[in-house]
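I have a structure I would like to understand better, so I am pasting it below and will then ask my questions one at a time.
Here the chain labels run A, B, C and D in written order, and each chain numbers its own residues starting at 1.
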Amino acid sequence: MLRNETSVRVRYAETDQMGYAYHGNYVQYFEIGRTEILRELGFPYARMEKDGVLCPVMSMQFRFVRPAMYDELIKICTEIRKMPDDKVVFHHELYNEKGKLLCGGSVKLAFVSSDTRRRCQVPEVLGAEMRKSFE
Amino acid sequence: MLRNETSVRVRYAETDQMGYAYHGNYVQYFEIGRTEILRELGFPYARMEKDGVLCPVMSMQFRFVRPAMYDELIKICTEIRKMPDDKVVFHHELYNEKGKLLCGGSVKLAFVSSDTRRRCQVPEVLGAEMRKSFE
Amino acid sequence: MLRNETSVRVRYAETDQMGYAYHGNYVQYFEIGRTEILRELGFPYARMEKDGVLCPVMSMQFRFVRPAMYDELIKICTEIRKMPDDKVVFHHELYNEKGKLLCGGSVKLAFVSSDTRRRCQVPEVLGAEMRKSFE
Amino acid sequence: MLRNETSVRVRYAETDQMGYAYHGNYVQYFEIGRTEILRELGFPYARMEKDGVLCPVMSMQFRFVRPAMYDELIKICTEIRKMPDDKVVFHHELYNEKGKLLCGGSVKLAFVSSDTRRRCQVPEVLGAEMRKSFE
C-alpha cells in the first residue's frame, strides 16, 4: 500500500453561506492529495502529462461526516491500496485540526494517451516505482 | 417521482488543461439541477434557508462517461425518486448537445435546523407539495 | 460601439460565509458577458481558439457597489467601445433584479497565436464584423 | 509598511484549457496573501469576523505579466503601505519559482459591522498592532 499525508488551509473563497467549506471544493482537496502522493513517488502528475499520459476521472464518491470551517488546516490522507493497471483508485480521508474525520471517499482515474485519447497502462516508470510497494 | 430538466453552459473558467470541464465542477452542475427542481416545486432553496432549514450534503457519487467541452450547453436532468423524510436524495444525469450521456450520479442531503444545527424533517410546505407526486 | 446583455443566476457554490457572492466569482460573470457578445457577433470564442488564436487576459479591474445574493438573477451588460487591434477591452456592468448596479469593471485581453504564443491582430473575420459597428 | 511572503501551489482545478492558471483564480491567491499577513500580525481574519467585523471587497485591479502553470509553487508578496482607517488596501505581487513576476495588483476592502452592515473603523486591537509599523 502507498500512503501520503499533506494539508491544505480552507480559503474564504471556498466557504459558502452555510458557513462551511462548500462540499464541491473537497474535490480539489482530494486532488491535492493525489498530486502529493505522486510527487512523493518521484513521478509528479505534471511529468505524466509531459510524457503523453492523461488521467481523466472515471468516478468519485464522497461521504461527509463533519463540516470544514474557514481557515482550518485540513489534513489530507491519501492511499493507493491496489497496484494500478489501466486505471488507479485513490482513497482519501480529510481530518480537521482536532483530528476529527471530516470526509472520506475515493476517486478512480483512467490512464489515457494524450495523442490518441485511448486507454493505456500505467506509465512504466511510475508502475515500476509503485510495484515496489505492492510486492 | 419528481423530475426537472434545465441547462447550463460550460464556462471557460470551468475547463482545465486537459481541455475538458474539470470534474469537480460537475458538483455545481448537479447543484443547479437541485435548485431548479425546488424552484419548480414552488419552494426555492433560498426560501428554505429563510425558513430556518439548511441542507448540508451527506454524500455524493459521480460516474463520468464522456467529457464536457467548453461552451457546450449541458442538459441537467434531476429526479427525486422517493419521498424525503429527514433527508432527500437527488439523482442527476448530464447530457451534451448531441444527447450523449456525460455523467450520472446522486447527492444525499440532510435537513438541518439552522438554529440548532440538528437534523429535522423536510419542511412541511415542501413536504406537502412533494407528497402529491409520491401518492 | 458593441453591446450585449445576458444574465446569470448566482450559484450556492459562489456564495461565501459573508452571505454574498464571493467577489472572485464576478470574474466568471464578466467572462460570460464576453462569451455572449462574441457569440452574438457570430464569432464564438470557441471558434477563435479553433482558428488558432488565444485571448489571455492582460489586466482587469472591478469596483463593487452592492453585494449579489444567492439565487439572484444578475444582468450582465458588456460593451466594446473601441475597435480592437492586437488587444480588446471589454467594459462590464452587473445589475440585480431590482435594476441596482452591483459592480462595474473592465477586462483587457491580448490576441495571441496559439502556435507561437506571440501577439497577433484581431482575427480577420471577427475584425470585419466588428468594424461595421465602429464606422 | 507591513509585508508578508507566503506561497501557494497551482492546482489542476485552477488551470484552464489555455494551459495556464485561469486569471480569475489569482483573486484567491491574493486572498491567501491577505489571510497570512493578518495571521502574522496576530489577528487572523477569522477572529475579525468573530469580533463582529466583516471586510467586503470594494475594488480590485490586476495586471497579468506572465502565466502561472500547473503545479508551480507561486510566491505571494503582500504589503499594506498605509495605515488603515475605515478601509484597507493590500498590494500583491506573484512570482514563479524562477523569481519572475507573474502578476501585480491591489485590493481595497471596507471594514463593516456584521450586525448593522454599516462601515466602521479598523478593529482596535488590529489597528494598535498595525500602528507600530506605521510610526
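The working rule: a residue touches a chain if its C-beta (ideal position, glycine included) is under 8 Å from a C-beta of that chain, and two chains touch if they have at least 3 such contacts.
Predicted model only: the values in this text are computed from it and were never measured.
S.K.: Contact counts by the stated rule: is the higher one at A-D or A-B?
M.R.: Pair with the higher count of C-beta contacts: A-B.
S.K.: Name the chain whose C-alpha centroid is most distant from the C-alpha centroid of chain A.
M.R.: It is C.
S.K.: Taking each chain's centre as the mean position of its Cα atoms, how many Å separate chain B from chain D?
M.R.: Taking the average C-alpha coordinate of chain B and of chain D, the gap between them is 33 Å.
S.K.: What's the distance between the Cα centroids of chain A and chain D, rounded to whole Å?
M.R.: About 28 Å separates the centre of chain A from that of chain D.
S.K.: On a C-alpha centroid basis, what's the spacing between chain A and chain B, in Å?
M.R.: 24
S.K.: For chain B, what residues touch not just one other chain but two or more?
M.R.: In chain B, the residues touching two or more other chains are 12-13, 17-18, 20, 24, 27-28, 31, 70.
S.K.: Show me the residue ranges of chain C that touch chain B in the complex, using the header's touch definition.
M.R.: Of all residues in chain C, those touching chain B are 9, 11-13, 27-28, 31-32, 35, 44-46, 70-71.
S.K.: Looking at the complex, which residues from chain B come into contact with chain A?
M.R.: My answer: residues 17-18, 20, 23-25, 27-28, 31, 49, 54, 56-64, 67.
S.K.: Would you tell me which residues of chain A are touching chain C in their complex?
M.R.: That would be residues 12-13, 15-20, 22, 24, 70 of chain A.
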